[in-house]
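Right after this note come the structures.
Each of the next two complexes has chain A plus one other chain: chain B in the first, chain C in the second.
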Partner chain A sequence: MDKFALLQFYGLLKREVLEHRNLFIGAPAVVALLILVATIWVATQIDQSQLAEGLRYVSVLFDGLSPFDMAPFFMLLAVPFYLTLYVCSVIYLINTLYQDRKEMSVLFWQSMPVSNLQTVLSKIVAIVVVAPIFYVLIIFAMYLVAMVWLTILGISNDVDLVGIGYMFLAAIASLVLIYISALVTSLWLLPSVGWLLLFSAFAKKTPLLWAGGVFILVGFLEDFIFGTQYLANWVASRTSDPNQYLIFEFQSVFERVFNYDTLFGIVVGAILIAGAVFMRRFTD
Partner chain B sequence: MKDLILRNRYTLLLATLIVYMGVLVAEGMITGREARVIEFENPYFDFNMNEFEGFRDRRNVNEDVRTS
Partner chain C sequence: MSNIVEAKSLTKNYGSFTALDGVDLTIPRGSISGLIGPNGAGKTTTLKALIGLCDVDGDLSVAGRDPRIARHKLMEDVCFIADVGILPKWLKVSHVIDYVEAVHPRFDRKKAEKSLSTTDIPANKRIKDLSKGMVTQLHLALVMAIEVQLLVLDEPTLGLDIIYRKEFYDRLLNDFYDGNRTIIISTHQVEEIETLLSHLVFINKGKIVLDSLMSDLPDIYTEVLVDTDKVAQADALQPIYVRELLGKKSYTFESVSREQLKILGELHTPSVADLFVAKLKEEKHG
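Moving on, here comes the complex of A and B:
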């Protein structure tokens, strides 16, 4: 890939981020703010001596432990961010190509030296690779504020801060796991990404209804035509257990990505994404 | 064939869905796919949604024991 193509792609990514700042930055920032406010409110309801005792206990608990071993426990704090990212991803994917046609900006972008493939790929990279970076940065900022607050609390209550330092390191290590989990989840759910993009490029109105309606219809059709339920079984296999895509250990990344089900899902996702790329030629 | 598929948005959607269904059904037939969940090692949490049914059954049994 030459330098010009890279610059083109960077420009497309920048456009996605600028046009969807609310989904990429606003939504996780609001979640972080709510968590911080809720934590501070809970802390103000607890007696000062009990708070100091709790802080002392946590400090002793984390003191000397490997941050990488303790990192998975901080992934629980990221659950609200994961949920926000999933909801924002669905909103983004189902609207992005539809919105381009609705506001006729698709004509402008098709007059530029960028192909439909590049445009669709930029949208996928934006939500799969770039959006989690913003989420992780905002979680990092939240941890930083919490750390400053705990440090002030520790100093004012004469608590040994070494353990709190270890806790902060574990929280930072968890950020890597959170980002890798978001990436692996996106690969695992690539068929859903492709499905939403396909109907975003297809529907003249209400793309979400089209996506949901045809999804149910295709399941019925398979049962009616072939007398089988492989589609429903496949969907059930891929969505019922978050263990399949959440990463709690660095060692397990390889087996999560390079297994038959993930790779087959990528193939199915690629079929649907190809459909979305071709569908983009119909601009009316 | 290409002209037929790319004639309008509906033919393209139909072609994409036929390929999608064809691949999934063929793979399902070859591998004999059933609704299943891959069990990955996770030493920290256990939240398999398939086990929620069992959880509800156990809770009902516990409630029966309490009321009797």
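Moving on, here comes the complex of A and C:
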């Protein structure tokens, strides 16, 4: 890929972030703010000495332990962000190839020397690779504020700061796990990504209704004609277990990606994404 | 003069509605071509087909490429402005410039900024906060900063007041057109662009009803204000259109020699607007 092609792709990604800054930045920032406000409110309801005692206990707990071993403790804190990213991804994917057709700006985007494949790929990379970076940065900022507060609390209550430092390192290490979890989950859910994009490119109105309606219809027809529920079971098997969405240790990444279920999903997703690229040709 | 657009038997159906019905079209390179037609005639569909935004049947070549196969490659050589609504409303002016600079290999940012500096458009404003005229000025400034062979304009001044419309076409002629580049303008506001055109195409109900160089029009079409005592003679020469004018009758003839017509009355070359009405009425009445 030449330098211009890279700059071009960067330009496409920048466009996505600018257009969807509420989903990429606004939504996680609000979640972070709510968590911080809630934490501070809770802290004000607790007696100072009890709070210091709790901090001392946590400081001792983390002191000297590997940040990556302790990182999973912070994964729970990431769950609200994870759910937010999930909801924002659905909103983004179902609208991204529909909204510009609705407001006719598609004629401007299509009047530029950018192929439909580049456009669709930029949208996938934006939500799968770029959006989680913003989420992680916002979680980092939230941890930073929390750590400053805990450090001040620690100093004023004579708590060992080294333990708090270890806790902060574990929090940072969890960010890496959160980001990898988001990437691996995207691969796992690639069929959903492709399905939403396909109907975003296809529907003239209410793309979410189309995406949901056609899925239900296909499942119903399978049941009605063949008496089977393979589609429904397949989707349920890929969405029902929360453990499918979080990675607690690096060692598991390889097996989570390179297994039959994930790779089959990637193939199905790629076919649906190719369908979205094809549908993008038609703006009318 | 070679042709930058060559289209043969272009056909497009939307359900039972035929938008293009076997359109044959050639646009000479270096021309300013007007695609004139009433609303719903097939102008926008034709232009969208030329830049690969609409799937059509038939043979089509634009700047040596088939738009249906390589739209993104074609758009390195072709720019497109539709009516004022198409710039994304949520973008800031500076963001639009950033975007075009990032994705278009032939965009000259300095040229665009210089062009914009002569307008009242602030770089930090969003498109939605600009007036219609400003949006068109912005789009034109972007397009003029791109080194392309062909500029396609679909009703570019729709909804603009007379000052913006005049300024738009002045800039187009002075800052973009250099005799080598080609411009295709679609509109139903014929009078506005009549003096700019070197090539004229009328389209109606998805069919081309006239395709001619402007310089050939006087040889083909003649309007005669017929003296009242010569009406029968005029009728015998099979005019394509007759209308009442100042108590007399004005006849429009196609491919009848001026030698034959000069005995009927005062001769003129019909204006594009009059010719447009004449050709459409001819279509209607067969």
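Throughout what follows, the second predicted complex is superposed on the first by the 280 of 284 C-alpha atoms of A that agree within 3 Å, B and C clash if a C-alpha of one lies under 4 Å from a C-alpha of the other, contacts with A are read in each partner's own complex, and residues count from 1 in each chain.
Simple rule for what comes next: a contact is a pair of C-beta atoms (placed from the backbone, for glycine too) under 8 Å apart; a residue touches a chain by one contact, two chains touch by 3 or more.
Keep in mind that this is a model prediction, so the values were computed, not measured.
Peer 1: Report clash or fit for the pair chain B and chain C bound to chain A in the combined superposed model.
Peer 2: Verdict on chain A: chain B and chain C fit.
Peer 1: Just to be sure I read the superposition right, which of the two partners does A:244 touch: chain B = first, chain C = second, or both, or neither?
Peer 2: first
Peer 1: With the two complexes superposed on chain A, say which partner A:7 touches: chain B (first), chain C (second), both, or neither.
Peer 2: second
Peer 1: When the two structures are laid over each other on chain A, which of chain B and chain C touches more residues of chain A?
Peer 2: Touched residues of chain A are more numerous for B.
Peer 1: A:281 contacts which: chain B (first), chain C (second), both, neither?
Peer 2: both
Peer 1: Go through the superposed model and pick first if A:267 touches only chain B, second if only chain C, both, or neither.
Peer 2: In the superposed model, A:267 contacts chain B only, not chain C.
Peer 1: Give one of first, second, both or neither to describe whether A:108 is in contact with chain B, with chain C, with both, or with none.
Peer 2: So A:108 only meets chain C here.
Peer 1: For A:73, select first, second, both or neither according to whether it touches chain B, chain C, the two together, or no partner.
Peer 2: Touch partner of A:73: chain B, not chain C.
Peer 1: Just checking: does A:259 make contact with chain B only, chain C only, both, or neither of them? Give me first, second, both or neither.
Peer 2: A:259 contacts chain B only, not chain C.
Peer 1: Take the Cα centre of chain A as the vertex and report the angle out to the centres of chain B and chain C, nearest 10 degrees.
Peer 2: It is 100 degrees after superposition, to the nearest 10.
Peer 1: Quick one: minimum Cα-Cα distance, chain B versus chain C, in the superposed arrangement, integer Å.
Peer 2: Closest C-alpha pair between chain B and chain C: 8 Å.
Peer 1: Is there a shared patch on chain A that both chain B and chain C touch, and which residues make it up?
Peer 2: Touching chain B and chain C on chain A: residues 281-282.
Peer 1: Per the contact definition, I'd like the list of chain B residues that touch chain A in the complex.
Peer 2: 6, 8-9, 12-13, 15-17, 19-21, 23-25, 27-29, 33-45, 47-50
Peer 1: Could you list, by residue number, the parts of chain A that touch chain C in their complex?
Peer 2: Interface residues on the chain A side: 4, 7-8, 10-12, 14-15, 18-19, 100, 103-105, 107-116, 118, 281-284.
Peer 1: If you look only at chain C, which of its residues touch chain A in the complex?
Peer 2: These residues of chain C touch chain A: 14, 48, 51-55, 71-76, 79-82, 85-91, 95, 98-105.
Peer 1: Over in the complex, which chain A residues touch chain B? Could you list them?
Peer 2: For chain A paired with chain B, touching residues are 72-73, 198, 202, 214, 218, 221-222, 226, 228, 230-234, 236-237, 240-244, 246, 248-249, 252, 255-256, 259, 261, 264, 267-268, 271-272, 274-275, 278-279, 281-282.
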